[in-house]
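What follows is a pair of complexes built around subunit A, which joins subunit B in one and subunit C in the other.
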Partner chain A sequence: MSVEIISAAESFLAAAIRMGTPLAIAGLGETYSERCGVLNIGLEGIMLSGAFFSFIAAFLTGSIALGLAAGILGGLLMSMIHAFLSIHLRADQTIAGLALNFLSMGLTSYLFLVVFGRSTQLPECPVVGRIAIPLLSDIPLIGPVLFNQDGFVYFLLFAVAASWFLFYRTDWGLQMHGVGEHPRAADSAGLSVYRTRYFSAAMNGIFGGIAGSYLTLGLLGFFMENLTSGKGYIALVVVILGRRNPMGILLASLLLGSAEALQFRVQTMGSTIPSQVFIMFPYLITVVVMLFSIGKSKDPAALGIPFIRTKRG
Partner chain B sequence: MKNILKNTLGNLLLLLIMIALSFIMISAVGSSQSQALSAFFISIFGSVYGLSEVFVRAIPLTLAALGVSVGFRTGFFNIGAEGQIYMGACAATAAGMALPGLPPFLMIPLVLTAAFLAAGGWSLIPGFLKARFGLSEVIMTIMFNYIAINLTGILVRTVLKDPSYALPMSPEIPDAMKFSSLLFPTRLHGGLFLALGAAILVYIILWKTAFGFRLRAVGENPRAAKCTGISVYVHLLAAALISGGLAGLAGAGEVMGLHFKLMDGITPNFGYLAIIIALLGKNHPFWIIISSLGISALHVGSSAMQRQAGVPSSISWIIMGALVLLILAKEQILIRLNERSES
Partner chain C sequence: MKKMIMTVMVLTAFSFSAFAMGADDAAESGDRPLKVALILSGPANDQGWNAVALQGLEEAEAEFGIETAYTENVGVADSEAAFTDYASRGYDLVIGHGYQYGDPAVRVGARFPNTKFLAIEGGSSSDNAASYVMACEEAGYLMGVLAASVSKTGKIGIVGGFEQPSIIKILEAYKLGARSVNPDITVYDVYIGSFTDVNLGKEAALAMADQGADVLSHSANQAGTGTIKAAEERGLLATGDSFDQNFIAPETVVCSTIYSVPVLVKTAVKAVMDGTFEGGVFNLGMDTGIVGISSYNGFDAELSADIKAKIADLEAKITSGEFEVPLVETRTN
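After this line comes the complex of A and B, so read on.
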């Protein structure tokens, strides 16, 4: 009996990690952007573009590495459109992000039809295999959950540690913080607000592209219209729940990943509870967390506000 | 004068880019240009039915976009129209089912009021959190969208479900609350007058009343408004209520005029389109009606292109996304050009 429970727990936790990983990677990218004051609602579009281009490249070349590279470029393309509009042209970040999502949804569905035509059979691409880390993967429970995963999960763990170090232990992290809190002061101190924001937007595109690639190259092995179906918005949730701290984002994405894994379990068990109850969970939690953060909000002060160097105020 | 010239030139350039983009996308899938174009225009202008479909779609789009624009004018950035449409549809259905047997002249105003209040109340929560505590309404309204969509899903599977059907949907609403058909056999319904009436009312409120002036003052410059004794708090709340309420009417209209029942997916992204329409329509009721018709025609035409010429209808999303991005770019570039010529 206890063996069964352990193996059930193992497969549940492993599934939770795989569900949470794309959210965490995308959320990490958005954190770079938001820490220096750019709110990018277009994360959904970035992920979708990453998922599509990674799929196309992996399908055509059979190479996962090339697929990943194309996914990153696809994410970058979208984030750079948003960056140019919101940083350089100082356009409204929310509307630009929303339009980006429309554009990405249209573009990926359109290109998919151009390349594959209307076929009933979904084309498939190669999927990454799992890499068991020697010795560590033999530890009961923790081993199979943490150390017998695919490369994307290991990348996430590395990226969380590296981003944490970058944000809190380097000058560059301090600079990003300054640009997000008080761009004018940062500018007076000789920092380039635009350059910092462009860097973060690029990170957002790269991470978002990788997150999208994970959906196709890591989890599904195929692409279809609107594949991300709101995952980009959940990643925005992860950023808030994790309070823009890489460790917090990892935990928040695990929480939401567990909720998603649980939803699948409950559904397959034939429960009569509508699945919407579970789907709603992350959004409800976010609202509650935002309510509790009233009065001690840690939002970057310049979040969503364009910086105009030649203007006072 | 020079500004108008620049603006017109900019718009013409935009139009050219969009036309070129459409032509490229149509040829890239190997469809014939003439076939696609004729499918596009004939589906819209070729028949009374086609034209009526444009208006049918434009009804909820206009109502929701009016709501969004009232919010924008007052500085309440309402991304939540999608969820508010759902709440309005739920409230209308629930009210209709709770009060069968009322005559239409009582039923319809009652149901519309219920939808307005439910959706307005739904948007009042993020509105209150913004006005009182300064919480960002952008993220909050997005969360509320997803909660509303799933709440609707739960309702049509439990309380509001029609027990005689296996599918998750409500029973058909009472006849007394159905909008009458305007042009049988098309689907055009009395919601058209609701949308037009709302547009006129929004215009009068915003530009012909002191209350509307205060709303706009709060949106233009909250600090200046506060200094002249206008309560930013009260007016933000009012804007959130009206903004959500109008989107709720859009949802009620879809139930009362088109579907006659509540189900999942009652709005195919209308709430998000409404934001784009409010932007294209410069938050002005007249231009919002025009933009709603335009976006609606784009969708009707592009689905005809897909059926008859094999052009993926997703190009309408590309066109919309690209159009908004280019408009954002154009406006900012114009502002910069003017700054440069002034200094």
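After this line comes the complex of A and C, so read on.
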């Protein structure tokens, strides 16, 4: 019996990590952007672009590495469009983000149609394997869940630590913080607001592209229209829940991942609660956590506000 | 200059979206071949629900020499306008492809008594508006029988899209079919609340596999592809839905339900041509050739003769009306 419980717990935790990882990677990217004052709600579009281009490259070349590179470029392309519109042209960041989502949706669907036509085949690409870390992966329960994962999960753990260090222990992190809180003061101090923001937008694109690639190269091995199905929006929630702190984002994404993984397991237990209630789970948790954290969240002061260097005041 | 660049970029974005949606309209002509219009809820290249309807329209065009037009991505709010548009342009039959078009068809139908309206899977009707409902539960029942017959663990699972009557009736029939073979069988059923999220479809299936299910089925459109891939990944068996999905995983998909929307569309067009089209809600099942099951493809040799005979026998009885698959539209345990 206890063996059964452990294996059920293992499979639940593994599912929670599978579903939380893309949210965390994308959320981490968005954090870079938002800490500098650029709100990019086009995250869904970035992920979708990453998913599409990683798939198409991996499908054509059979190489996961090239697929990942293409996915990163796809994400980068999308985020740079947003960066150019919102940093350079000072467009409304929300509108530009929305446009990005529609652009990515249309573009990927159209290109997918161009390449594969209205075929009845399901084109497939290779999927990354798991890497078991010796010794650590033998620990009961935690071992198989944490230390027998694919490269994307290890990358996430590394990126969380590295980003935390960058944000809180380096000059660069301080610079980003300054640009996000008071760009004029940062500018007066001789920092380049534009350059910092472009750097962050690029990080957003890279991480978003990797998150999208995880869906195709890590989880599914195929692409379909609107593959991301709103995961980019949930990743935005993760950023707010995790308060733009890498550790917080990791925890928030695991929380939402667990909620999603839990809904299937409760349903299969023959519960009489309507399925719609479970589908609300992740969102319900979000609302509850937000309720309890009222007042604690502090957005960067310049979030969403374009910086105009030549303007006074 | 900056404004111009932005305008150009936004326009590019929109034109790409428009490309993908592929708006299409046939030109009008003065002649009088029968004119049939089709209203779709999503894109026509979804390799599923909407694609098969368009395929039906194209087949009808080739077969009967009718004139056709279609509109994609019509939301519920725009559906009355779309129906009115086609009716006022002299179309003889306007088809709305989905349950949600039932009421708009009846309302617009009252203003255009000489035009025929059809809602596929609809639930309402009037003198000149009909709803054709596919008896998908008949095929779902057979999938349940098949899944229970090939299961070794005594546990099977089915993933549903949204918890709505048109899907519930398939999952409930599946459960009944499975229990007719093995009363003690465990049937997991999960609704994922999406027809498109393949990752959810896969995770739901993996959750069932983790609990010992060895045959995984679905009725979740595109999201169901994830279910089939989950079965393939775990080396389990699966059944497909809507059309022969064996191509997705030839070593995994034993059989699929077939809901032949093309035949349904042609049935409606033929009825209008013959003047036999009338209002009402019609249930169209195996006897009309609209609902059926696929061949076993590569599994034909592996399945025992007993199982195949049993399925064939049930299929014949359902077709002849000797056996009626119960229609259950609320979820049970």
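Everything that follows uses one rule, which is that the second predicted complex is superposed on the first by the 289 of 313 C-alpha atoms of A that agree within 3 Å, B and C clash if a C-alpha of one lies under 4 Å from a C-alpha of the other, contacts with A are read in each partner's own complex, and residues count from 1 in each chain.
Quick note on the criterion: a residue touches a chain if its C-beta (ideal position, glycine included) is under 8 Å from a C-beta of that chain, and two chains touch if they have at least 3 such contacts.
These numbers come from a predicted model, not from an experiment.
Student: Answer with clash or fit: subunit B and subunit C placed together on subunit A by superposition.
Tutor: Subunit B/subunit C on subunit A - steric clash.
Student: Who does A:Gly221 touch here: subunit B (first), subunit C (second), both, or neither?
Tutor: second
Student: For A:Glu260 in the superposed arrangement: first (subunit B), second (subunit C), both or neither?
Tutor: second
Student: Please work out whether A:Asp299 is in contact with subunit B alone, subunit C alone, both, or neither, and reply first, second, both or neither.
Tutor: Touch partner of A:Asp299: subunit B, not subunit C.
Student: Check the residue A:Leu236 against both partner chains and state whether it touches subunit B (first), subunit C (second), both, or neither.
Tutor: first
Student: Figure out whether A:Thr268 sits in contact with subunit B (first) or subunit C (second), or with both, or with neither.
Tutor: second
Student: Output check: A:Met290 vs subunit B and subunit C. Expected answer is one of first, second, both, neither. What do you get?
Tutor: After superposing on A, A:Met290 lies in contact with subunit B but is clear of subunit C.
Student: Which partner does A:Phe102 reach: the first (subunit B), the second (subunit C), both, or neither?
Tutor: In the superposition, A:Phe102 contacts both subunit B and subunit C.
Student: Now for A:Val277: first (subunit B), second (subunit C), both, or neither, which partner does it touch?
Tutor: first
Student: Have a look at where A:Thr94 lands relative to subunit B and subunit C in the superposition and call it first, second, both or neither.
Tutor: first
Student: Which one of 27-35, 45-53 or 171-179 is the stretch of subunit B that crashes into subunit C?
Tutor: After superposing on chain A, the clashing stretch of subunit B is 45-53.
Student: Where on subunit A do subunit B and subunit C both make contact?
Tutor: 81, 85, 89, 91, 99-100, 102-103, 105-107, 109-110, 113, 225, 230, 274, 276, 279
Student: Using the touch definition from the top, list the residues of subunit A that touch subunit C in their complex.
Tutor: Listed in rising order, the residues are 7-8, 11, 15, 18-19, 81, 85, 89, 91, 99-100, 102-103, 105-107, 109-110, 113, 118, 120-122, 215, 219-222, 224-227, 229-231, 260-261, 264-265, 267-268, 270, 272, 274-276, 279.
Student: Mind listing the subunit B positions that touch subunit A in their complex?
Tutor: Within the complex, subunit B touches subunit A at residues 25, 28-29, 77, 79, 129, 133-136, 138-140, 142-144, 146-147, 150-151, 153-154, 157-158, 272, 275-276, 279, 312, 314-322, 324-325, 328-329, 331-333, 336.
Student: In the complex, go through subunit C and note every residue touching subunit A.
Tutor: Listed in rising order, the residues are 2, 5-6, 9-10, 12-14, 16-21, 43, 45-47, 51, 157, 160, 163, 188-194, 196-200, 202-204, 206-208, 210-211, 222, 225-226, 229, 247-248, 331, 333.
Student: Quick one: which bits of subunit A touch subunit B in the complex? Just the residue numbers, please.
Tutor: 39, 41, 81, 85, 89-92, 94-96, 98-107, 109-110, 113-114, 225, 230, 233, 236-237, 240, 274, 276-277, 279-280, 283-284, 286-287, 290-291, 294-295, 297, 299, 303-304
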